[in-house]
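See structure below.
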Amino acid sequence: MPKSVTKVIGILTAGGDCPGLNAAIRGIGKAALGKYGMQVVGISSGYEGLISNQTRLLTDHDFSGILTTGGTILGSSREKPFAKGESEDVSTGEKPAIIHDNYRKLGLDCLVTLGGNGTQTTAFRLSQLGMNVLGLPKTIDNDLEETDVSFGFHSAVDIATEAIDRLHTTAASHNRIMVVEVMGHKAGWLALFSGVAGGGDVILIPEIPYKPSVIARHLMNRARLGKRFSIVVVAEGALSTKDAEEKERNKKKGRKDKNKSKPHAPSSGYRLAAEIEEHTGLETRVTVLGYLQRGGIPSPYDRLMATRFGTEAVRLLAQGKYNRMVVFKNGEVTNVPIEKVAGRTKHVPPDYELIECARLVGTCFGDE
Amino acid sequence: MPKSVTKVIGILTAGGDCPGLNAAIRGIGKAALGKYGMQVVGISSGYEGLISNQTRLLTDHDFSGILTTGGTILGSSREKPFAKGESEDVSTGEKPAIIHDNYRKLGLDCLVTLGGNGTQTTAFRLSQLGMNVLGLPKTIDNDLEETDVSFGFHSAVDIATEAIDRLHTTAASHNRIMVVEVMGHKAGWLALFSGVAGGGDVILIPEIPYKPSVIARHLMNRARLGKRFSIVVVAEGALSTKDAEEKERNKKKGRKDKNKSKPHAPSSGYRLAAEIEEHTGLETRVTVLGYLQRGGIPSPYDRLMATRFGTEAVRLLAQGKYNRMVVFKNGEVTNVPIEKVAGRTKHVPPDYELIECARLVGTCFGDE
Amino acid sequence: MPKSVTKVIGILTAGGDCPGLNAAIRGIGKAALGKYGMQVVGISSGYEGLISNQTRLLTDHDFSGILTTGGTILGSSREKPFAKGESEDVSTGEKPAIIHDNYRKLGLDCLVTLGGNGTQTTAFRLSQLGMNVLGLPKTIDNDLEETDVSFGFHSAVDIATEAIDRLHTTAASHNRIMVVEVMGHKAGWLALFSGVAGGGDVILIPEIPYKPSVIARHLMNRARLGKRFSIVVVAEGALSTKDAEEKERNKKKGRKDKNKSKPHAPSSGYRLAAEIEEHTGLETRVTVLGYLQRGGIPSPYDRLMATRFGTEAVRLLAQGKYNRMVVFKNGEVTNVPIEKVAGRTKHVPPDYELIECARLVGTCFGDE
Amino acid sequence: MPKSVTKVIGILTAGGDCPGLNAAIRGIGKAALGKYGMQVVGISSGYEGLISNQTRLLTDHDFSGILTTGGTILGSSREKPFAKGESEDVSTGEKPAIIHDNYRKLGLDCLVTLGGNGTQTTAFRLSQLGMNVLGLPKTIDNDLEETDVSFGFHSAVDIATEAIDRLHTTAASHNRIMVVEVMGHKAGWLALFSGVAGGGDVILIPEIPYKPSVIARHLMNRARLGKRFSIVVVAEGALSTKDAEEKERNKKKGRKDKNKSKPHAPSSGYRLAAEIEEHTGLETRVTVLGYLQRGGIPSPYDRLMATRFGTEAVRLLAQGKYNRMVVFKNGEVTNVPIEKVAGRTKHVPPDYELIECARLVGTCFGDE
């Protein structure tokens, strides 16, 4: 290693893939190699590669031409090195020790982790073991705390909105109810944003339990006004008030979520469609967007956000500021202690202006 | 009706909606009103509107701005006025008589029917009752006989290919098998075209029954060569040799298709994914494109084809040539007797050059 | 007018057209008619229609299906009712008086103006004459003060970035310098955002005068590293230091801008290409995006922003808060006094984080 | 070279870049390496690389992931090894001799040339010198004889049509004439196809000289019917009857084309806009699409066509059929003697059905 190398950083991408990962890797890599003369170690397949020590030194060539590509050149995995359970003593466990060992062997000054909730929680725990970490918020769900937006989110909004646009024409031609199920188990950001952008007549999110009867009334009202078709956008995790209450009861009783235990439990979209047909008699069709929301070329917005997050991380590295997550807050790229993010989920606040906005243009949330 | 009106034509759009319907309506309308001074009657909701007499005179204003819009301004339905059964006497039945009556009351010189197999078969039967008809081939399945291409098909190919592109990045990031189910119950055109355009590693179509073991071997071979992910494109109607044989046996015995009788039979995609996981142990995920393939803005190719078909229909009308379907054959817009199309399905020939082409670039069709 | 009508509002769209105008009109209209029972008067062709009194009452039907359409259903014009000159007494002039008169005749409680700098400056002056106004920031240039973003901007970023993506492949295949000229006479937001999102090797904006020799050195350096092609993104208003100084001198002398006086002055793109070829000898090609940046379907981001701005305007109306511009600031939809916006231009600050970010990934701004 | 290698083929891409080149290279490469065990030599930068002997052996890895990418992995150039002049003796000249020499040194059994008119004419001449060649028709202009379509054409149609769609909204908002200049110096295919797909009100192509007065009358007629905006699509090489006659006269006199001699002659779009404004007084704006039409991801249609052409070439190679060009004719992939293509241009026939179709939907070609 030449003397001029000031620092050695490792990068990994963990969790579900997401548009903008490569743009962020490029941002980190170009800034680290270019201005600061750092060394950049690419770690394969998320935390898995840090356990099995699958790494390679990245060069300028690796960062060329990847700004616009989907996926991640490093590969990803859902490996979670810490055993589950809140009472866990973070210093124990075999995998964290192996990671710490590899971190030292690689001579890393810092580990940059590109990922969502789980990834950043793991990163925080690694920092508690004495490693330096920096997190970049990546998630199409936009449910990371302390940042207004994560990269990947707006690409997913674009994809989901385009899908809703397509379904509009079919709905109108056949006078049908079209239900679109979008991602979001815990948080409804994607359903809310794509629902408003796509002109959804009904939007259902996990934060607002819905009553099928309220939805039915809304749809029938539209039909009465001559609008014989409707678009219903539903997040994966949206629940009727009845199901939400049952879930709550089960949680208290310590039971596992009933639906989770069934491997082929009907999706929220199919469940909802059955409820709508039952209540209204209107012909209803379901589309589940699924993996389409994760893949493909990142939108310009996400390329920008990922590049900005990447270079901000390198600025922090150069200053020796560690154990923080880069965020976009109040219109600015900045950073927060990573512990403020770990283990938390950013929900859509019930009084969020965009919900009020959606209600004002006539959207039903199933709660009135 | 002023004297200058040479002819009165009715237009209807029937069956599933499809990109290009409005472009075709515009092509017919502009040509009929403009050069030939015909009158154009729009019939609502396919044959349903011809039974219930829901019609209105269309003006130049109706044809403005619709070249680029999805769906159909006339609405559609799946109404089939003739009772099923080949032995049917076409002159009987209440609905055909009502249609004939309305045809006369509207003073139609010809009925232009935009639709697929079912629609054109009905049109043919109406022609046998003495009505003049002209068919325009519309179907995203491309399974109409006598025409190389129907409008709607290439828009669907574009949508399915874009979806495959997206799934590629996720497949690569996670080393997964991604199964994409595209439309096509009887014919594999859409799966074949989008599969080759999207670089599918496996393409399964109804015309070629597959062996799960052959697919598994192909996927494992790829994995051995370091290609740890694969894209599998499967038509709705693709069957394994075993299922195909059972279907054939049941058909002979006069039994209903086993799967058809089950309302929630697993789709071909989910069935296949289970087979792949069983044979290979590789992580496999499924995406069902469904209604996304029908909707949205027609591609330039389909706008062109629809416009060309529409104006050709009017040229035929002007010449008093009826009971034909407009087609694109050997690189030219032309027309054939509609009886040659009725009741038939255009399958992918097993020796089709594109299948050979796909095999040459390494695609597996599951048939050794 | 029934008693239940609480307020009557007029809407106009002025200045260059821009994606999201119809979404904003829909947002205002649906909120105003739906919850608040207001009446909405549509004014044709910007301020021109307010002078010639071309207006019509808008109904729910007018707001249906326009969320996704480009352009403006009201039409636009560049009419500026106030004569130029800062010393102008706003109370004089024929056109403002006519506008005031029509405002009263229409019984307007408020005039909602969708537009950019010029539009909002006019709106402010009208407010000084005693009319109530509310401004919505619309501009693809993003140069309105007091708001982080205007609707239309991100759609333009998407279009320009897609164009840069396309040119990348041609540049690489032919080892060429591709110059892309994007909009922005005074402010470089669009060039900066699309330039970073598109991976521009050189980005030139009005706020940072450039030296051709610095650009030439950067391009030759890339060529030496084997990167024989480059992408140069240049705002319409970008100037070399020499031209910037001459402009400044002329301004002081009270002379008109030299280039402005020539009807066919070469665009910034063509000027720059000549400079690059002269300094480097590298083959250079120019693309001027022009009107492509204004048109077409608004992006989901802009549909959201426009809808949010529209409903916020109606909330302000309901509260009787006038003479404000709706803005997006610090991640929130809010509003500011319209006088804070009038007559000002939001420039890219030289120390803006995104400029620093771009430099870190290797972008040259021509200023050493 | 192992015994199993049956043949060695060289590939080059020449002329302007074009979507689908990489898909074709992949089609050739995968088929040649896979089933037939041929060796594939990639030649850099078109004929230039065959003169300077810049080549490399391509492996399966080179063909991976390029189906969807724009440009060409081999690079291109406009090098024409034969000196101009029809009277040329093809056996003389230094460059052809060098090429022949390199062809032998590389041990090529055949040279596969991906390109347009010029490229295939050169290939034909090389075949006359004793080399084996196979041509693949690549051109966004679609002006190669003997094939209904070349790959690249439909991607360009898609791009141009999308641009026209965008300009439509601006035209409508501002009541303007929008002139769009698309590629096509000698043939009007691209203008015609994108013009009809985009709903162009006027389409001007080199094959039909236009009268400005006829266009003006058409535009004024539209304005009188309340259609105050219009879209005019013009090919680069479209000429007014006056200019066409002058060109013809100059040609006869042996003079160079007047416009060609001027380096900055106004484009057909700007010339036309001036004519329109002069004749109508209507506000007219110009957009020149230029290089945007060449770049970017190939459309599914072109990926298919390029892959089919590539595998067909390898089938011919395997059979020892040389000196042919692969074509798509009468709905089938087939091939013709390359001499039938060399030196010819496929023009739009004046009685082409699509021209008649366009006239029927109201398009003016400026010739009546």
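As written, the chain order gives the labels A, B, C and D, with residue 1 at the start of each chain.
The rule is short, and it goes like this: a contact is a pair of C-beta atoms (placed from the backbone, for glycine too) under 8 Å apart; a residue touches a chain by one contact, two chains touch by 3 or more.
This structure is a prediction, so every number in the text was calculated from the model and none was measured.
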### Message
As a test of understanding: of all chains, whose mean C-alpha position lies farthest from that of subunit B?
### Response
C
### Query
Taking each chain's centre as the mean position of its Cα atoms, how many Å separate subunit A from subunit D?
43
#### Entry: Between subunit D and subunit C, distance of the C-alpha-averaged centres to the nearest whole Å
36
### Query
So what's the Cα centroid distance for subunit B and subunit D, whole Å?
31
#### Entry: Numbers and ranges of subunit C residues touching at least 2 other chains
162, 165
### Query
For the protein chains shown, what form does their contact graph take: line, ring, star, complete or other?
ring
### Summary
Contacting chain pairs, sorted by label, are A-B, A-C, B-D, C-D
### Query
Once bound in the complex, which stretches of subunit D touch subunit B?
26-27, 30-31, 34-35, 67-68, 148, 154, 157-158, 161-162, 165, 193-194, 196-199, 299-301, 303-304, 307-308, 311-312, 314-315, 329-333, 353-354, 356-357, 360-362
### Task
Report the residues of subunit C in contact with subunit D in the complex, numbered from low to high.
13, 16-17, 21, 69-72, 75-77, 159, 162-163, 165-170, 172-175, 178, 285-288, 290-292, 294-296
